[in-house]
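Here come two complexes built around chain A, the first alongside chain B, the second alongside chain C.
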Partner chain A sequence: MTEISDWIYRISRYRLIGSKCVECGEVAYPPRLTCYKCGGKMADYQLPRRGKILYYTVVKSLPERYNRYGAYPVAIVELEDGTRIFGLLTDVDNPEKGMEVEAVLRKLYTYGEHGKIIYGVKFRPVLG
Partner chain B sequence: MGRPVIVGVGYTKVGEYWDKDVFQLAYTAIKNLMDEYGVDDVDALYVGNALAGYYDRQLALASHVADALSLYDTAVSTFSSGGASSAQAIYNAVLGVASGQFKSVIVGGVEKMSEELPAKVVRGTSLVENSFLVDYNGLTSFSLQALIAQMYMEEFGLKREDLSLLPVLEHENSSKSKHSQFRNRISIEMVLNAPPVAEPLTIFDVSAPGDGAAFIAVMDEDYARKNGFKYVKILGMGSASQPANPLERASPYMFEATSRALEKALSGAGITIEDVNHLEIYNPTSIAGLLVLDSLGLCKRGESAKLVGDGYFSLEGRAPVNTFGGAKARGDPKGAVTAYQFVEAFLQHMNMAGDNQIGDVKYSLIHSMVGFDISSYVFILGGG
Partner chain C sequence: MKPGNDVGIYGYGAYIPRYFIENKIISSLWKRDAQPIQSKSFPNYDEDTITISYEAALRAIESSKAPIEKIGAIFIGSESKPYAVKPSGTVLVDALGLPRSILSADYEFACKAGTEAMQTVFGLVSSGMIEMGIAIGADTAQGRPGDELEYTAAAGGAAYIISRVDMGVLARLEASYSYVSDTPDFWRRSGEDYPRHLYRFTGEPAYFHHIMSSVKGLFEKYGYQPSDFAYAVFHQPNYKFPTRVAAKLGFTREQIKPGLVVPLVGNTYSGSSLLGLAATLDVAKPGDKILLASFGSGAGSDAMVFEVTELIEERRMVPPVSKMISRMSPGDYSTYALYRDMLKR
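Now for the complex of A and B:
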C-alpha cells in the first residue's frame, strides 16, 4: 500500500474499526465501502478488542518488510461479537486453538528511505 | 460476428533465464509462434504480465513488447492481475475477434521472477490479494491459504496426505514434459516432510517462481480456414468474482467465482461438465487445486482429493488434469501461466503432446483465477 493509504486507514487500523451494513447489519474488517451480502452502505463500527484463536499458522516463507525477525504466527481470531478476522499474534511462544487474545497496538514494520514506522493491531494472550 | 479459434502457439521452457529479460523471452515465444505457424498478419497484441511493474520498473508492457518486435500496426493492451493476467488478455482477445474488430490476434503473457529475492517473490505474488487484509497485515497468499486449508481439512475430515495427492500427480505428469520447470517425481512422504511454508503447507504444496513466455494466435474461424490454418475452437468462456476476504464468503473454502464462471462457459459452449475430458486448472497451492476441483460439480464438496487418489484426474484417467504438471511442476510464471495452459490444451487437441498425450480429447476446460478465487475465468476448447 502507498504511504497515503497508510495515513487514510490509520484510525481504523489503530483502533480496530471495521464497518457495519446500515441495511442488513453485516460486519466486515477490513472496513468496506459496500456490503458484500446485500450491497448496502457501510458505517463505521467498533469491533470488540477481545476474542479467541480459531486457527493459526506460522509464516515461514517471509514477505518483504516482514522478514527482519524470522517466522511469526498469524491467526483467524473470533472476536467477542462473533466477527472473524485475520490478525498477527504477538507475545506468544506457543499459540493454541481456543486461546483468549486481546488486541494491542504494535509497531508492524518500517519502510522507505526515511524509515517510516507503520503501526497496527496485533493479538496477544489475555494476561492473568 | 467472428468465431474465435486458436491456430498456433509459441512458448519457452519454464525455468530460470539469467541472460534474458522480459522482452527477450516474449520475443522468443512470439517469434516461434509467427515462424512455425506462419502467422504474419497481426491486428492486435495483448500481453499479460503480473510483476514487471514491481520487479523491473517497467509498466505498459504490451506497448514495449510490440516495440521490441517492431509491430507498430497493432492494437496493444496490457493485462496485469497475477496468475490470471494472460487469462484476462485471452478473454479480451476472444471478444475482439468475436466482435469482428480483429481477424488475427497474438495474445499471451511473459514473466520474469527468478532473479528476485525470495521475500520479494513472496510479497509480489501476495499483492493480488486485498492489500489491507494481506500485505499490510503480514499475511501472505500461502499463509492465508494454509489457514483455510486447516478449516477445510477439519470440516471434511481430510488428512495431511490428502493434500499431497495433487502435487504428486502434477510432478508425475511433469516428469515427461519438455517445457516444464520441475521434472522430478515426488512422493506423498516427500510433500509431508518438506520444509513448511506455513503449516500445513510445505514447499511441495506451493508453486515456485519461474520465468517464461507463452503466446497463442487467436483468429476468426473463416479467416483461419481461408488461410489454410488448422485450429482448435474456443467454444465458451465465462468470468465471475467474489469477496477477496475468504471469511466474507458463504463458505471460506467454496470457490464460487470459479463455479459461476464455469456455468457461463459451459452454457456458452452448450455442453455439460461430464462432456469435458481434459482440464488445465490454475492451482498455485495444493489446497487451491482441491477447491477448484470441488467447485466443478464432478463430486460433492470435500471429495475431490478422493477422486485424485482414485486416478480420475491422472493422464490415463477419465478427465486428466494439468497434463504437463500445472503451476506446481510445469511452473508458475504468473503473467504467462494461463497462456501455458492454452498452449498445453492446443498441443493435446493437435495430437502434439508427445509423452503427455491423452487419448481422444474432446472438450478441454481451462481455468484461471486471481488470488484465492477472487475473480475466475473458465474457457471451453474443442472441435479441432
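Now for the complex of A and C:
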C-alpha cells in the first residue's frame, strides 16, 4: 500500500468496516464498491469484532516493512456473523484452531524511522 | 475547586499490555540488589500510547454503553506520545467512531497529565460547553537501561467518560484541588530517548510535598478527613511512596489496598493513578467516597473526591483490572529489549 492508500483505507482498517452486497448479501473485507460474486452494488457493513481462528500459520519469510521483530502469526478468522477474513494475530505465542479472538487496534508498520506510523486491526485472544 | 453544575464519571476502562518482566531479571542483569517492585508490564512491539488509549477508551465505552454521539472532547495525557508533532486523539476519534465535531489535544504534565485531562473535561462538561468527554492517561514509559527507572517504568492506561450527573454517573465529583510548583525532580529534554531524574530529590521535595499539599489543601478547604473515605488512590511510582504518603496523611493500608497495582504492573506514569482508580472502582460500592491524588514531576498534584453511585453495579469494567493482571505472561530481558526498540538492526 502507498501512504495515500493507507490514509484512504484507514477507517475500514481501524474499525473493521467491510461491505455487503445489496443484491446477494455477500460480504467483503476490505470493502469493495461492486460485488465480486454478482456484480451488485455494495454498501458499508460493520463486521463483528469477535470470532474464532479457523486456520493459522506463522510467517517467517518477511517483507522488510514487517521484519523488525521476527516471525508473526496470521490467521483466517471466522467472525461471529460467519464472515471469514484474513488477519494478523498479536499477543499470542501458540495460536490454536478454534481460539476465540477479538479485533484490536495495533501498529501495523511504520515508514522507516522517520515516517508515519500506520495503525489497523489485528486479532488477539479475547480478554474477557 | 467545585464544578458549577454537578458532573461525574459515566464510565471507565483500563488496559495493561500482556507482558511483564520481573525486577529480579533486571537486577541480576545489572548486578544490583534493588528491586523496588515485583514486576512491571511492557508493551508488545505493536503497542504504543495510541493503541493503549484506544483499548482503555473502547472498554470504557463498551462497559458503560455510553452514547458516543454525545462525546464532545477527547484528551490524552501522556509523556510517551508516538509522535512529537501529530495529535494522538485524532486516531482515536476515527478508530472509535466518535463525532468529528469534537475537541482533541494531547496533554503533558509528566505523570499527572491524565488527571489534568480529567479536570479539563470536568470543566467543559460542568460549564455546558459539551455534554460528555473522554479523558485518558496512558504511557509506554521509558527507562534508560541500568537506570533506577528501568525497574518500574511500565506501560498501561485508563480512560474516563465524563458527563453531567443528570445523565447518570457511576461516581460524582464532589471537589478537587490542584497544587503545582517549579520543582525539577525529573525531566526529558526534546529529542532525548530517556528521562533524567535527581535521585533522592524525587521523594520529599517532589512527590511527598506536592501530594501532601494538594490533599491537605482539599481537606482544609472542603472539610474532609481520612475517615470519610472508603478508599484512597495515590500516584504509584513504586510501592514505598504511595504507602508512605498514605500513612503520613492518616490513611490505612486497607483504604489504599484495592488501588495499589504497582507491585505487579509497575509505574504506568500518566496511567498510574488512573489505573489505581479503575481497580478501586472495580470493587467500590454505592455511597463509597474515593480520594484520588495524582503526582506529576516538574511538579504538581491533582486531588479529587468522588462519591460512588448505584450505577456502579451495572457499569463496572469488563474484565476488571485484576483479571487483566492475572492474564499477563512473563517476558525475558531480550524480548523486552526487542519490543522496546533497544536493539539496533
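The definition used in the following text is that the second predicted complex is superposed on the first by the 124 of 128 C-alpha atoms of A that agree within 3 Å, B and C clash if a C-alpha of one lies under 4 Å from a C-alpha of the other, contacts with A are read in each partner's own complex, and residues count from 1 in each chain.
The rule we apply is simple: contacts are C-beta pairs under 8 Å (C-beta built on N, C-alpha and C of every residue); 3 or more make two chains touch, one makes a residue touch a chain.
This structure is a prediction, so every number in the text was calculated from the model and none was measured.
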First (chain B), second (chain C), both or neither touched by A:107: second
Touching partner for A:36 - first (chain B), second (chain C), both, neither: first
Partner chain in contact with A:66 - chain B first, chain C second, else both or neither: first
Chain A residues touched - chain C or chain B, whichever exceeds: B
Which superposed partner A:85 touches (first chain B, second chain C, both, neither): first
Doubly contacted chain A residues - partners chain C and chain B: 108
Interfacial residue positions of chain C with respect to chain A in the complex: 18, 44-48, 50-51, 54-55, 82-83, 91, 94-95, 97, 318-319, 323-324, 327, 329, 338-339, 345
Contacting residues of chain A [partner chain C, same complex]: 10-11, 14-15, 68-70, 90-91, 93, 104-108, 117, 119, 122, 124, 127-128
Of chain A, residues touching chain B in the complex: 1, 5-6, 9, 13, 28, 30, 36, 55-67, 72, 74-76, 84-88, 108-109, 118, 120
Residue numbers on chain B that touch chain A, as the complex places them: 117-120, 122-123, 126, 130-133, 135-140, 142-144, 146-147, 150-151, 195-200, 203, 206, 243, 245, 247-248
